[in-house]
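Presented sequentially are two complexes of chain A, the first with chain B as partner and the second with chain C.
Moving on to the complex of A and B:
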């Protein structure tokens, strides 16, 4: 135990190891935070998409990416009827409500979309609503009117009639400055725009509430994808998934490989021969195609993939390496002594042979972790990612399917790739330093 | 257990053979190395005996066979009346607790990744001493017995932090911790610095006398053997060629090989320092292809043509309780 602690102390002398550990610490911290902040079931639910995200813009880039370039792309504004005062007029058999959903718009770029979400409460008789747009210059534009059932989404941006009338898509046409010179290059009319809802209720008790969503072009730290999902969910949840996959796969393969190699060396004879032949066969089996096959024909569950990776990793080239290291150890006098005082086979393998190789194993094991993290990501990029889990690889896969780079959504590719790289870098730097601490002979090389 | 040996005898080797298969190209059988080739002796409870012989004559192989680490090709080892080959797994484990083993290379004999406390606890754990306190007490007692005091200061040391002499004391403590009735020590001091050799031998001897242990130790060094053993077995080419009480054998060596060995004891006089290499002349015999007749005859100054190179000599008793396998005593 003390030897390990001393090794750790020595690590402090390697700046790369300290940096690597900080990176790993950051990733671990992020994982812990993620798992606590967004419970597993909630993450799966969010990532499935749908209604959670209706107020998020599509393919919005991260805020910081725009601000770094000095841009002023708009963020999403949600104007709720709860925050404004409506004018009420009573009349026999009903009421008339005038709800002004006003917002101050200062960005020089148009929003990406306009939607209105309406909810009708406490009435069986659908009210009639007229939508009027009031621009900062005092002009008014009647968008239309209709009866509104219980819950309704009014997709202003998808209103083809309005688009034809305005000559532009509605979220441009409604907000542009009519005085701007070139009609093919409309400019934003900044100031307070108001969506006035003129509601006629045929009931004394009923009421209407509304949310006007002026979708921005930037969103949060990570941006959003084509399904309006906040990429932050996947980037955050990708961390624990990647670390767990890498760690379990690395532990699973290295430990079993070592123990099996030790068994072959200790028992010799047919045990050893069988292990060697299995290894040789397994070494020429291509791992990726097998995984693709399993994923295609059976299931792409991450746990199944993990199992296959570990199973294929057990009889890997490592067996040959450990065997070469263990062969001389087998003949060590202390092993003979252990046998002479009655130690059994299992004890000799696990307590007397394996510990001798552990110092070599630790750095190998640490550098192996990112290999498996990358493998998982590669599988996801190939479309064999876990069907429900949000992971970095899935984000990359979506980005690829949506031609993110062609469309200029660099953030969609860069952020998961950066996290993957940080993971690789952190473990590699720590692993190389560990190698030097635990295998001092390398130091002089 | 069938009681077919006298109560006084602790361990007996009967017509013991340990042959190692020689393989050519990894699979073709190419004969045997006859490391132990027909050995008979009986060790009494509480006595110390020495096996001497030059390198490669099968001493370590004999020790390992007695410890049950090699399966004898033929013959048997009888311990406290029980046949070693007939023991089942549990019986063998019990046997291993009854016989301690001290190896030649103390550093190699200790697992480098365990501290002394752990090294000495291992045999106890293996033999089912569950209680930590008991284990610690026995470990401490063993350390004190080999004069590593205060025991506490050694418990957390690793082998590489100890001197060669201290390492060998730990090895001896490990052999003692299960309270065996016999200890087999294979050249326990040959890898140690000359200054601590006598100390370690004296320690082993004292423990043996105090505990009434049977001690079989293997040595190259005939000069010190007088003080640390009561009987000597001289081995040559996988066999015992001469055996007697220690003083009797050293003062009246009968076998020409023993005589040559004694003549080869390094002379303190530096003028004669190179004499030890001169005698006995010639090569040790090949154990894979031993010479016919007496194995020593190619090197023997008194070899008789037509007899020594044809017939194996039986044990003669030229002097009382002194056996020698040489046709000279015919």
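Moving on to the complex of A and C:
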């Protein structure tokens, strides 16, 4: 025990080890926070996509990336009818409501999309709604009108008729400065734009509520993907998944490998021979293609993959290495002494042989973790990621499928990659330092 | 007197014969052992592939499809009623199932599969075909193999030579700034090559469009042989650099440590004390005794990189085995996937065999053991 503590103390002398430990602490902290803040089931539900994300822009880059470059790309603005006062005009058999959804727009870039979400309450008779756009310069533009049944989404940006009338995509045409010289390069008319809803209710009781969403071009710390999902969910949940996968796979393979190698050395004879032959067979079996095959034929669940990784990793080349280390230990006098006092096979293997090799194992184990983290990402990049769980690799896979680099969505690739790299570096730096502490032959170098 | 040199020569030649014979026996034994290993490995692969019941199910679906298509298309059966035709289809399917032994228990058939896989009779692909149009899995794989060998052979050789050379130099002036920076950079090798490849594509194909982002040659391929070579060279640069970056630092680091340990051996100190020049010390006293571990690690690196190939090729759209297996996943083309695994297993076995033989030649201890 004291040897371990001393080893840890020595670690402080290596700046790379300290940096590595800080990185690992940060990742562990992030995963604990994530698991508490977004429970597992909620994360799965969020990542499935759909209605949660309808107020989010498509493929918006992170805010900081734009601000660092000195840009002023707009963020999403949601203007709710609950926050404005409507003008009410009563008439026999109904009412007329005028709801001004006004917002102050100061960005020099156009929004990415305009949508209106309407909800009708407490009425059987669908009201008629006219949409009027009031620009800051006082001009008005009638977008159209329609009967609204219950919940409805008015996709202003996809209104082809309006687009033809304006000569531009609606979210550009409605908000451009008509005075700006070149019509092929429209400029934003800054100021207060208002979407006026002119509602005619055929009922005394009913009411209408509306949300005007002016989708921005930037969103949050991580941006959004092609399905409007906030990438932050995947980046945060990717951390505990990656750490758990790496840790379990590394523990599973190294510890079982060591115990099996010790068993082979201790029992000799056919046990040893079987283990040796199995190792040779396993060395011939290519790991990744087998994983690919399992993923294709059975399921791509991350836990099944983990099981296969551990199973294939048990009889790895490491067995030969541990065997070479354990062979001289077998003949050591203290083993003889243990045998003399009547220790059983299991006791000798687990209490006397394995602990002797553990110090060598620790650095290997720490440096193995990132390998498995990257393995999980690799599988996800191949399209064999877990079907429901958000992971870094799956974000990369989505990005690749949507040709993120070609379309210039660099953030989509860079942020999961940066997290992967941090994980890799953290564990590798710690592992290298541990190697020098626990393997004295390297220490003098 | 005059007999002495002749005798020495005959002794030497006899020694050579003996060594050669032992090497032959040794490699024969290894070959048999490896063959058995491959046999077990391939059998396990077939077993995994069939435990899902997928292969049989797919074959049944395929038979059903082919048979009903044939019956429906045949004008001779046009005037049959629907029921008669269905009966005919069922009869033909059961005949076909019997012909392919699909009604036999899996264990019996698995040996049949094993035999065919070992004979490299990998069957027909379900969806995919080679560029030349063949549906044979073997043809598809053979067509892709050279591209993989070109990329990974070049990259491995480059990394190996550069790292051993750099490590030899660094080990002589360890503690220098260069040495310390290599040690500091070693953890960057935790990331695989495809990871760096992504950034290289981002930088050199999109931000500064200087190199192609993927593929092996421009389409259509140039007629002129020199142009073809130049095009391949341009396309191979980025994946090569990606592999180089991802493994060079760790490789230099481990070789440097290795050489440092070996250059502090007593016999090296002794040679230094004798005043031998540096290059002689390096060649005769450091490199020669460490040759077999060097070769081992080179071949082990080859083994390790066979697996990593899949994603790097996919990222760079390199038309090799990796992209093939990726496409096969996309098409759910099981025969191609299994075929690729079998080919991988063979390639690994060949690598291991070469390793053993080289070991036998380089390490005198193995030679002696082989004759015992």
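We adopt the following convention: the second predicted complex is superposed on the first by the 445 of 445 C-alpha atoms of A that agree within 3 Å, B and C clash if a C-alpha of one lies under 4 Å from a C-alpha of the other, contacts with A are read in each partner's own complex, and residues count from 1 in each chain.
We adopt the following convention: contacts are C-beta pairs under 8 Å (C-beta built on N, C-alpha and C of every residue); 3 or more make two chains touch, one makes a residue touch a chain.
Keep in mind that what you see is a predicted model, and the values were worked out from it rather than measured.
Undergrad: Superposed on chain A, are chain B and chain C clashing or fitting side by side?
TA: fit
Undergrad: Quick one: classify A:384 as touching chain B (first), chain C (second), both or neither.
TA: second
Undergrad: Just to be sure I read the superposition right, which of the two partners does A:342 touch: chain B = first, chain C = second, or both, or neither?
TA: first
Undergrad: After superposition on the shared chain, which partner residues are touched by A:130: those of chain B (first), chain C (second), both, or neither?
TA: neither
Undergrad: Just checking: does A:356 make contact with chain B only, chain C only, both, or neither of them? Give me first, second, both or neither.
TA: Only chain B; A:356 stays clear of chain C.
Undergrad: When the two structures are laid over each other on chain A, which of chain B and chain C touches more residues of chain A?
TA: C
Undergrad: Considering only touches as defined above, state whether A:420 meets chain B (first), chain C (second), both or neither.
TA: Touch status of A:420: second partner only.
Undergrad: Can you report the vertex angle at chain A, computed from the C-alpha centres of the three chains with chain B and chain C as the arms, to the nearest 10 degrees?
TA: 60
Undergrad: After the superposition, pull out the minimum Cα separation from chain B to chain C in whole angstrom, please.
TA: For chain B and chain C in the superposition, the minimum C-alpha gap reads 5 Å.
Undergrad: What part of chain A is shared between its chain B contacts and its chain C contacts?
TA: none
Undergrad: Please give the residue numbers of chain C that touch chain A in the complex, ascending.
TA: The contact residues of chain C facing chain A are 33-34, 37-38, 40-41, 44-45, 48-49, 52, 54, 174, 183-184, 186-192, 194-195, 198-199, 201-202, 205-206, 213, 257, 260-261, 300, 303, 306-308, 310-311, 314-315, 325-326, 329-330, 332, 334, 337-338, 340-341, 344-345, 348-349, 352.
Undergrad: Spell out the part of chain A that touches chain C in their complex, as residue ranges.
TA: My answer: residues 16, 20, 277, 280-281, 283-290, 292-298, 317, 367, 370-371, 374, 377-378, 381-384, 396, 400, 405-406, 408, 410, 413, 417, 420-421, 424-425, 427-429, 431-432, 441-442, 445.
Undergrad: Show which residues of chain A lie in contact with chain B when the two form their complex.
TA: 2-3, 332-334, 336-344, 347, 351-352, 355-356
Undergrad: Which bits of chain B are touching chain A when the two form their complex?
TA: Chain B residues touching chain A: 64, 67-69, 93, 96-97, 99-101, 103-105, 108-113, 122-123, 126-127, 156, 171, 174-175, 178.
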